[in-house]
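I'd like to ask some things about the structure below.
Residue numbering begins at 1 within each chain, and the chains themselves are lettered A, B, C and D in the order written.
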Amino acid sequence: MSEDQLYFFYDLFQYLINGICQGSIYALIALGYTMVYGIIKLINFAHGEFYMIGAFTGYFCIRGGIPLYFAFPIAMLVPGIIAVLIEKIAYKPIRHAGRIPALITALGVSFFFQYFGQNVLGADPKAFPEVYEETIYNLGEAVSISSTQIIIIVTTLVLMLFLRWLVMSTKVGKAMRATSFNKDASELMGIDTDKIISFTFFIGASMAGAAGVLVGIYYNTVEPMMGLIPGLKAFIAAVLGGIGIIPGAVLGGLVLGVVENLVVGFWESTYRDAVSFGILILILLVKPTGILGTKTKEKV
Amino acid sequence: MEYLAHLTLNCGIFIILAVSLNLINGMAGQFSLGHAGFWAIGAYTGAAFSVFSPLPIPDWMNLFIGCGIGGISASIAGILIGIPCLRLRGDYLAIATLGFSEIIRLLIVNMDVVGGPRGFTNIPKWANLGWVYLWVVITILFISNLMKGTHGRAIISIREDEIAAESIGINTFKYKLMAFVIGSGFAGVAGALFAYSQQFIHPNGFNFLWSVIILLMIILGGLGSITGAVIGAVILTLLPEVLRLMGETISQWRMVIYSLLLIMLMLWRPQGLFGKKELNLSALLGRKKS
Amino acid sequence: MSAPILHANNITMKFGGLVAVDQLNLKVFKNDLVGIIGPNGAGKTTVFNMITGIYTPSDGEIILEKRNINTERPYAISQLGISRTFQNIRLFKDLSVIDNIRLAGHQGLTYSAMSSIIRSKSFKTAEKKLTEEAIDLLKIFKLENKKDFLAKNLPYGEQRRLEIARALATGPQLLLLDEPAAGMNPNETNELSELIGWLRDYFKIAILLIEHDMGLVMNVCERIYVLDYGKLIAHGTPGEIQNNPKVIEAYLGTEVD
Amino acid sequence: MTFKTILSLLFLLPHIAFGAKADAKDIMLGAVFPMTGPIATYGQESVNGMKLALKRINLKGIRGKKVQLIVEDNKGEPVESANAVRKLISVDDVYAILGSVASSNTLAGAPIAQSAKVPMLTPASTNEEVTKMGKYLSRTCFTDAFQGEVMAKFAYNSLNKKHAAIIVDLSSDYSKGLARIFKKRFKAMGGTIIPQDFSYNQKDTDFRTLLRKVKRKKPDIIFLPGYYQEVGLILKQARQIGMVMPFIGGDGWHSDSLLKLAGKKGIKNNYYSSHFSPDDTDPAVQNFVKEYVAAYGSKPGAMAALGYDGLMVMADALKRATSLNREALQKAIASTQNFKGVTGMITLDKMRNARKGAVVLETTEQGNIFKEKISP
């Protein structure tokens, strides 16, 4: 193998690591998207903002001297609670008005947090405080992985497995699945679907909050508009993997992250977003149910 | 009063945008979140014509040719985007159109001929209040007359019940595409008029936020109502300027006020101020009598 | 006997692992009045959905006057002369009664979108004719007094009638009625069964209907197909069906009890 | 009901618009700056500088009158800028307008000021196009071309680096302009540039893959003409993956946040060109710094100094104008010669661009260190 060929593989490997890491972030946000969509068929546009709220909660906690292992759960809790409140105030009253008003409300909530954040916190990016000394591990000659990258990938895997366990093996998970399958029937079976929906929002927003803190540490910056693009990307990831399917969200996130980094690595940064949106449109046209989705037909 | 004249002109441009989006969202029931993309295409092609190859004829003739070019280019884009996307439903369509309009914007940013990220400068001032409102009248007449014929009814039937529409022989895809192409075409005309009145356009002036603001206009007025779209456009064009006149603090909170307004409107009247009804003077007078 | 206008030749519909309709053979002749019966979930509506193009059969072929229409879109099939109503009424709820009918008259119109925009003469004459025809049709269904009502404001029975009127306004040669008597009281059902026979003769069309009301089916239909679990278990005149042991076992038997 | 409300609102509008008319005895000037939105810090700092200048000007007044400055927020958006310029001209009837920061904002307002023949002076927009919009457009800062040249000279002569890579922010014309000139000058002097294009977009956060690509080409210096939001992250991530060569850039780097974003490792050994350094020993500069600190509690940045100089040049032109009207004022602005500002000697050339020197600063953990001054 010539040196160029060898380096091609080094590069490829490094881009894959970077991509998996970025994809993990998308995946964490996509999990919430997918769960909320699964249960009330709402594309919660405001989901990216829970990620932003999580990042800022982490930022203020750590600046206030709270150690990371406390700040992290707090940063999951706060967006979770806010999400539940938002669901009660804005989404629940119009749950029966159809999908479009719900989607518009979600847009409104998203804008509210973005601009409220800009006015209160300022639009300029804040530097996330350094929480630990980063270590770089060299894998062979020209490939490296940082401690933060490892933490991100591991956290994502752990949270995904936790969610899968929660949904598949617990009582509340069973109720979630039942509600998602048929809300009215679940109510007749004695499931408090309002509670289940709130719980789903809580879990989804907590995942986004976790992603927010990880991103704060990884990229070192937080700002009020930070949720917009990752929110859209996570949505693409959720659709890509099959919306409503938990492993699908993770798969979609990873695929998207890797593809984006390959585009940047072997092509041009400029085309990255265009490629992402292109993937979205392609998947919607070719297989709208996503990679892991199964076909359903509208009942006539 | 130049400032008020210009605000009135801006109202006209947004009326065209709102009425044309209303055809897609309100009448055909196809939830598009990409109107700013077609607006941008009209603005940039119209501007390119005016800067690179204006004809040696009076300005107002050039204006009409420019608006035609903007409108037709946007329609063509509407066909190209509509054919794949209109097979999607509801929220999926919304996201796909959003994606396309962002791709359009990214393409413009990367085109140095039209100024790229700097913006497109030196556009002649061809548009004035009169020409803009002539186009407003053309747009409203075009769309409201269309809605009174069988093509318009077919478009509405898609919103009402797509499966039933198909069952009585309506090629729903064709009429969706018709609504989408006409709507995007008028957005393109609005783009060209915008370029000829602002004399400077910038890709960021056509981002996702603007698609949402135009959507907000028609939702405020009531999806499916042309008069509602007109009133929604006027209110939301004037509101930021009124807020500006009210002082710095309120102006600063403009977007927050907007978003709260949107949420409250959905909670209070998800069908908008006028619902699907058209407002007319006699009905107003009649209501006063009773 | 002449060739059938509609021939469903061994059609099968599978959803995932579930076989909703299994190798069904069905023929409808000119001026025919045919019923499909069967217990819930027997696949009756699925047959309608295949014939009208909402589903594409997994296997077999649907032939309309010597032409395979398996993959045609629903609107095209409607234009070829098959029109239908729905089990759970699908009117254009926010449109007026007359607009519901005028929409269905859409196929007869030839003016372009441009002529409606400039309000040309051809537009005006065509619209006038369309409105007159719509009112004539509404008179048949005793709905002309309510022509400006919104469809959603009609009582249930009238909504059913309006949907049939709308289906007829497309000028079909074959009309599919999906449980037309559902939710009607005995009086209304009686009126309906008379109306169905009369419509067949007046418009010179064939009618294929799904119905749970045995009285209506036995009364009106000349031939009956019986489905159970997607399979055809019997076919014949009302008299033959009533005495068919398989049918009694699968369907009538349980009802007679 | 609703109709009535709308009607009354429409009638109310002109009332509000005409109601707040200022004292006619004062000289009215307008300012269009981003006070909110993503680049609000630039606008706020500029206005702080201008307010300081205003205080100084009004100690004596001009032509026996006081100067009033009406600040309009453009939110950093082109369309809002155009609206603000329009409002200042037709509602407030200002003599001249100062603004704005981002070149796209200034360019949006420029045709309106030009066609109304209202002098528009930008203290901070460096894009070449701005002053080409017409003879009522001028600027008191240097242009992108000059910055690109300064950094090419600095890299080649002062740092003695010969093999450069360029990373461009493709969503910014400013960045593309600087890159173009740098490439030309650096090559002309004898340096080599890695031919491949490296680029990113604003709001990007992950540069690891991009930087990896750059690293593989082994440049000994990297020209990074971006804004501090992304530059900070790039510096940090570059050091993390073991890139040790210096990064250099333009005035877009200027911000207190740069150090925080880049971190201690990231900030070291980088340089950028700017309009102003508070460490400049010039007594005029030190005096300005002292006043600024007294008023706002922090050291002034480049934007503050530029805003200050912009208004001071305007005041100087108001004094020199043959009579108090817009045409005479514009003539006076265009003929500004050797005006001693805190950002250097300001002389407007034929194209109404300021010719003045730039400072090069080194970024360190303790703050920026003044390296050298490069004159045109």
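Note that in this section a contact is a pair of C-beta atoms (placed from the backbone, for glycine too) under 8 Å apart; a residue touches a chain by one contact, two chains touch by 3 or more.
Computed from a predicted structure; not experimentally measured.
The chains touching subunit A as well as subunit D are B. Hopping across touching chains, the smallest step count from subunit B to subunit D is 1. Taking the mean Cα position of each chain as its centre, C sits at the greatest distance from subunit D.
Computed from the mean C-alpha positions, the centre of subunit A lies at a distance of 48 Å from the centre of subunit C.
Computed centre separation for the pair subunit B/subunit C is 41 angstrom, with centres defined by C-alpha atoms.
One finds 32 Å separating the Cα centroids of subunit A and subunit B. Here the spacing of subunit C and subunit D, counted between their Cα centres, is 72 Å. Contact of a single residue of subunit D with at least two other chains is seen at positions 36, 170. Of all residues in subunit B, those touching 2 or more other chains are 110, 163, 252, listed in ascending order. Multi-chain contact residues, meaning those touching two or more other chains, occur in subunit C at positions 54, 86. Put simply, subunit A touches subunit B in their complex at residues 43, 90, 93-94, 97-101, 103-105, 107-112, 114-116, 118-119, 232, 235, 239, 270, 273-274, 277-278, 280-281, 284-285, 288, 298, 300. Put simply, subunit B touches subunit D in their complex at residues 1-4, 6, 109-110, 115-119, 121-123, 125, 198-202, 204-205, 231, 234-235, 238, 241-242, 244-246, 248, 251-252, 273, 279, 284. If you check the complex, the residues on subunit A that touch subunit D are 7, 11, 14-15, 18-19, 22, 118-119, 122-127, 130, 134, 136, 144, 146, 215, 219-221, 225-226, 229, 261, 264-265, 268-270, 272-273.
Those residues of subunit B whose C-beta lies close enough to touch subunit A in the complex are 31, 84-85, 87-88, 90-92, 94-96, 98-100, 102-103, 106-107, 110, 163, 212, 215, 219, 252-253, 255-256, 258-260, 262-263, 266-267, 270.
Interface residues of subunit B, counted against subunit C in their complex, comprise 141-142, 145-146, 148-154, 156-157, 160-161, 163-173, 178, 276.
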